[in-house]
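In the two complexes below, chain A is the common chain; its partner is chain B in one and chain C in the other.
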Partner chain A sequence: MLKYILQRLLYMIPVMFVISILIFVTIQLPPGDPISKMMENQRTQINVQFSEQDLEMMRARYGYGGPLHEQYIKWIGNILLHGDFGYSFYKREAAGKVIADLMPLTLVVSIGSFIFTWVVALPIGVLSAVRQYSIADHIFTFIGFIGLAIPNFLLALILLVLGLTMFQTSFTGLFSSGEIQQAPWSLAKVGDLLKHIWIPMIVIGMGGTAGLIRIMRANLLDELHKPYVEAARARGLSELRLLIKYPIRHAMNPFVSGFAYLLPSLVAGEAIVAIVMNLPTEGPVLLNALLNLDVFLGGGFLLILSLLTLVSTLLSDILLAWLDPRIRYGS
Partner chain B sequence: MEKMSETLVEVKDLKIHFFTDEGVVRAVDGIDLDVKRGKTLALVGESGCGKSVACRSFLQIVHSPGRIVSGEILYTRKNENGQGEVVDIARLNPHGRRIRSIRGKEIAMIFQEPMTSLSPMYTVGNQITETIRLHTEATKQEAWQMAIDLLDKVDIPKPDRLVEEYPFRLSGGMRQRAMIAMALSCNPTMLIADEPTTALDVTTQANILDLMLDLQQQYHMTLLFITHDLGVVAEIADEVAVMYLGKIVEKSDVNTIFNEPKHPYTQALLRSIPKIAVTREELDPIKGMVPNPYRRPGGCPFHPRCAKAMAECRTVVPAVTQLNDNHTVQCLLYEDLVGEKAMEQAK
Partner chain C sequence: MPNKKVIHRSFFYLGLVIAFSVCVLLVGCGTPVTEVATTEPAEATEGAQPAEEEPMTTEPSEEEPAGTYGESPMLAERVAAGDLPPVEERLPENPRVIDLPGSSIGAYGGDFRDPFVGDSYWSSQMIFMIAWRGLVNWNPTYDGWVPNIAENVDVNDDATVYTFHLRKGLKWSDGAPFTSDDVLFYVNDIMANTELTGGTIPNSILTPDGSTPAVANKIDDETFTIEFNIPYGMFLLKMCTYDGWAFVTAPKHYLEQYHADYNTPENIEKLVEEDENATDWVTLFASKSAVGTGADPAVISRDLDYPTMFPWVYTQEMGSGTQFIAERNPYYYWVDKEGNQLPYIDRIVGTQYQDEQTMLVDALAGKFDTVANTTNEMKATFVENEATSGLILHPNPSEGGGQISILFNQTHPVMGELFSQKDFRIAMSYAINRQEMIDSLYFGQGEPRQISPTEDSPLYNEQLTTQYLEYDVDQANEYLDKVLPEKDAEGFRLDPSTGEKLTIVFSIQKDDYGLRFGDAAEMLKKYYAAVGVDIVIDTITNDELGDRGDENGIEATIFTAEGGVGITAILDPRYYVPNQGQSYWGKGWALYINQPQNEAKVEPPDDIQAHIDLYNQVLQAPTREERLELMGQVIQNAADYFWVIGVSSATPGYHPVSARTANVMDNWIWGWNPGGYAIALPEQWYFTE
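Moving on, here comes the complex of A and B:
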């Protein structure tokens, strides 16, 4: 098992290498470079901060003007050797700092949505399968289809309107006020976050929940009439113990492998919702960074998100091997 | 004459219907059956005749949309005081505590598919000890040791190693042995075997049959053996019941069934066995197919395929005719015979 994990970690290195090249090339595709873009911005804006010399220095430091592969080597070299993600021209601070500031809350929201998705989808999926075609199954199927059909951002808008008209409160943001958001972490701040986070959690998790309910229901319906279930019933097991030990355990497989794809899709789905709900997460910043040709910030974000995706794939594979002996003994 | 053996399970007019969207399927359509203690009863028939469903009703594990519609399954069990107590299994709640205490403990079952009847997620030992721990007071260690002993008893080599293996790492024959070990774990009164050798190759089949007969002697078990293979029946059965489309068309001891079959279906079944000693041009299969369960023929269900069908067979449902103490048949040919005999006696 340990060998398997080490092997998988080694595989991640070439994969990350290819991903980083793809990210870099894609970001460089639009015409112009970030420094020209910034100079252009400076011409239209009044708050001039950089002199021509500053910009030339940056050009030299990040290799602009040189061939693409030199730029790439400088970029990835700075990240790997010095942890320097470069300078964000759009945010006007170190890209690494912007990422580090935004990533924790982004992860809290994403993982929160993920947990919400599982905690809600699993029992409902099981209920829908075990009591197939019952009233509960029909109701949850109906809600599930609505959840699948409504885009997240629309749901966010509806909730915002409802909040304003019915409860006279705003569901936007993750904190009650800007001051709390800026303040250092404390119990009060965590409490405030918990008060606000559940609305974005539901909004972001909704689509995934509805999808997972359908998957769980279908998987379990396949398993419920398998011979090993009948054999276990014939041994005298009670229905509940039987259900948990055999069919649910078997039906978990696709559920767990879906885990790997859920994180990236949550992060992607989160971006639009974050813009609508004004969440202090990476989505809107990433979007603006890309629009402003902010190579270092955009590239840094994409790099970190890709790494997270790879790690979550690895986690789901390890979980799957732990869950299913057929995979452990596979090779 | 030998004293009649005690009846362990008595089935009376059992009907199991499946309520599907397309209509009602009468999978078991009023059968009577006596399972005698310590004997082997073989339930024989083609695929789809209802034999598997009938035996599942003994444990109340007929799956929906199937339901026991009427009839009784009177099972004589020993209660805590060691006295006989008759339970009508047909009336027990399928999810209830009473039937669960019978399943696996007093009546155990092995299935046709050893490949899929064990869950690949758990070790063989885990699944055997599950039954032991469920029905006895044994501790985890005791149950584990019992599992190893059981695997040894069903002739599995290196049982202490195999107990920790996952089922998908075993061959079909080994898995069926593990299933048998599991069924034996609580020393059941009765073992139901639903085509346990069908999915195995011929040499393994013979080994498993020998093993089962041997264990039946050791454990003094009653065996209900479901099969479509008459060769297997000849080898193991004391009594035989032949089923066709949800009805038991003929029932007797094994010698009578093989030497003096009365029902045209039984006769046709026996004729269809290929014989090595007899030179014959072709096999002699039963003509036609098992009818569509949604469109059962009227009258005697076998009449469209019957070589001796008469005009009345299309409309009149034959009653059970008692040919002698131990031989019943459900066919119009013999109803008249018995009628005539009775008439003669009356004269």
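Moving on, here comes the complex of A and C:
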């Protein structure tokens, strides 16, 4: 097992290498560069004219330019050797600092939504399968389909409008005020966060929850009528114990392998919701970094998110192996 | 363990991650919810009210008995704690006294809560709260300049030498004295340093004809001159606009450590090493200074130690959060008529949003004291929700010479030949049903008109305002038959040079400042099809419009309509003289003037060059009468040539300000030139609860 994990970790290196090249190149595909974007923003803001000469001067100043591969080597070299993600032209700050500032809350929101998804989807999925075509199943199926069909940003907008019209308040942000948000961490701050985080958690987790309920229900239905279940039942095992010990364990497999997809999709879904709900997470900053061709900030974010995806894939594989002896011994 | 399988899995992961990355990218590119630059005061709200240019020498009651100044409790505490000198020592000998008619003495304290979409400096209202506070200011009615940091300015007869007298005892926000040296540092050491400017002559109000930078000379600590190579009668009025702030934002005592003329190479070397973003002293200076070539004015919102002369100074940067805070400048040089130091409001608290609708929801829930970027569509929502939002709408007089402009690029390499025929433009004007556009796009607010100075402006020109306004398809066809006689089977006119169907590409900027460029273009498509002219609408971003403009690649577009009220036609002549970045109707000529190295530039023919020269004379003319006379000729040329097509008169704007905010002037003039909130003197706003 240890060897398997080590090997998997080793294989992540070339994968990350290819990903980093793709990220670097893709961000720079649109015409222009961060310097011209930066100058263009100034031009539209203060109505000042810049010539191509000015741009050249700025590029020379910031050491930006030269062939793509040289830029790439410089970029990745700084990250690997010095942990330096470069300078964000869009945020006018070290990209590494921006990422480090935003990542914790982003992960809190994403992982929170993830836990919400599992905690809600698992029991409901089981219930729907065991009591197939019952009223509860119909209700949850109905809600599940609505959850699947409504994009989560729309759900966020609807909640915002409801909050305003019914409660004369707004559900935006993760904290009561910007001051609390920027204060150092304390018990009061955590309390304030807990008061606000549940709405984004539900909004972001909604689609995933609905999907997982459907998956769990379908998988469990497949298992419930298999002979081994009948056999166990015939031997007098209690219904609950039987359910947990055998069919659910089997039905969990796709659930666990879904783990790998869930984290990236939550982070991506989070981006849009964060924009709508004004959350202080990476989504909006990443979007703007990409719009501004800010290769260092955008690239840094994508690199870290890719790494997270790889790690979560590995985790899900390990979990699967632990859960299912067939997979463990198969390898 | 079978390696093959693992490799196989690795490719699977790779695909997954790529798909994910691409998803994120697509989301990034495809979602219109976040505009990078939603606030563009320069484009959206430029122009303004009657701007008489008579220097006002009488500032209401300048004398003030010393030693009786009031100050905010917040500062009194700091004085008591010994952190701050007493208010008498912080204020200059003769502070600027603000006594607006109808205003009352305010109470200190409170946070002005300001929501915005975008960047903490440019898109929040901070720029309007601080940047229009130069050596001289607009007066509150926007009809002349008043002394501000300078208590007096003498101008010689031919308007080449300006002598500024500063208030005595002015201090930067860190307490260091503000003297002539600070202005000299900006004019001589920053704007005229060839290393800092990269050997070019920066395009600024210091170089009226683009050839020679102005020179500043010190007389004593409070007195200095600025000298130009040619007469420059518009200088002081230009100083009242956004351009004026840079003169008072180069704190020499703070910036000289980064300047090679003032610090030793070894010390600078050390500073360069410390700065992420610098490779030599030039890049070091550009990254530390708020002023000068390549510098970012928003530096003052990130470098909290940067001393300024502004009413509020940043005390908490936004960084990667969503909030910034600016606190009152303890050394601000304004007082009310009873000698209380201004501003009344303690802090400006800005909250950043990614999405305008979310911001609106929070504003309607009563979280804020203003919303700066408002559209006509939002107006009803604000009115309906006044009870919960606590926001009252303040009308702002319309400022533009119209609502939108229809611009055919008469210098376009391919289409220019057709567009430069006046008959074509006349036909394109007759073909528009303006009343229908006004009714369906602008809530019926506005009258059909071309773009021109407004009726109460001294520059009003009836011909330019009213020519070719009627909706008259027959006339349009008649004029078009002269230039595009051939038609195809469907009735569309043929391009005479190619013999194929003529198609005009309208490049429409997506970010329309609430002016609905895109919807207007759709209506134009209908009207122009009715007279046999096919147009294609290409919706693009601000950047793309700028980039294509710089290649002179825009065939036609719809844009804003500045140049209406008062003398704004002189301050911003983009639709009368082809010398501005947004003069898309003569973009090639504008490039010729502004970007001489640009290969896409088009040399103006003699008559256009004469017209441009005439405008430059306006800027030089030392007296108001001469300026109006010459500008009248410029406007008359614009009327005779009929370069630009207008649709409607400008609809009045509005801005919500919370009901608890007192001393907010009625009908203040909103615009980039008067400075948004700045002209309404937010320093003397205060909270009633």
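Worth a mention:
The rule we apply is simple: the second predicted complex is superposed on the first by the 308 of 331 C-alpha atoms of A that agree within 3 Å, B and C clash if a C-alpha of one lies under 4 Å from a C-alpha of the other, contacts with A are read in each partner's own complex, and residues count from 1 in each chain.
Quick note on the criterion: a residue touches a chain if its C-beta (ideal position, glycine included) is under 8 Å from a C-beta of that chain, and two chains touch if they have at least 3 such contacts.
Just so we're clear, the structure is a prediction, and the values are computed from it rather than from any experiment.
Looking at the shared chain after the overlay, A:G173 reaches chain C, while chain B stays out of its contact range. Judged by the touch definition given at the top, the superposed model places A:L160 against chain C, while chain B stays out of reach. Of the two partner chains placed by the overlay, only chain B lies in contact with A:Y246; chain C stays clear of it.
Of the two partner chains placed by superposition, A:H196 touches none, neither chain B nor chain C. Look at A:R217: by the touch rule set out above, it reaches neither chain B nor chain C.
Touch criterion met: A:T309 reaches chain C, while chain B stays clear of it. Of the two partners chain B and chain C, it is C that touches the larger number of chain A residues. Taken together, the two structures place no residue of chain A in contact with chain B in one case and with chain C in the other. Chain C makes touch with chain A in their complex at residues 1, 6-7, 10, 13-14, 16-18, 20-25, 27-29, 31, 33-34, 36-37, 39-40, 42-43, 122, 198, 200, 203, 242, 276-277, 279, 282-283, 286, 293-294, 296-298, 302, 316, 319-323, 325, 349, 351-355, 357-359, 361-362, 364-367, 388, 542-543, 546-547, 581, 594-595, 597-598, 672. Contact residues of chain B toward chain A in the complex are 59, 61, 63, 95, 100-105, 108-109, 111-113, 116-122, 127, 130-131, 134-135, 166, 168-169, 179, 182. Touching chain C in their complex are the following residues of chain A: 3-4, 7-8, 11-12, 14-15, 18-19, 22-23, 26-27, 30-32, 37, 40-49, 51-54, 57-58, 61-63, 87, 91-94, 97-98, 101-102, 157, 160-161, 163-164, 168-170, 172-173, 178-179, 181-182, 260-261, 264-265, 268, 271-272, 274-278, 280, 284-288, 290-292, 302, 305-306, 309-310, 313, 331. Interface of chain A with chain B (complex): residues 225-228, 230-239, 245-246, 249-250, 323-326, 329.
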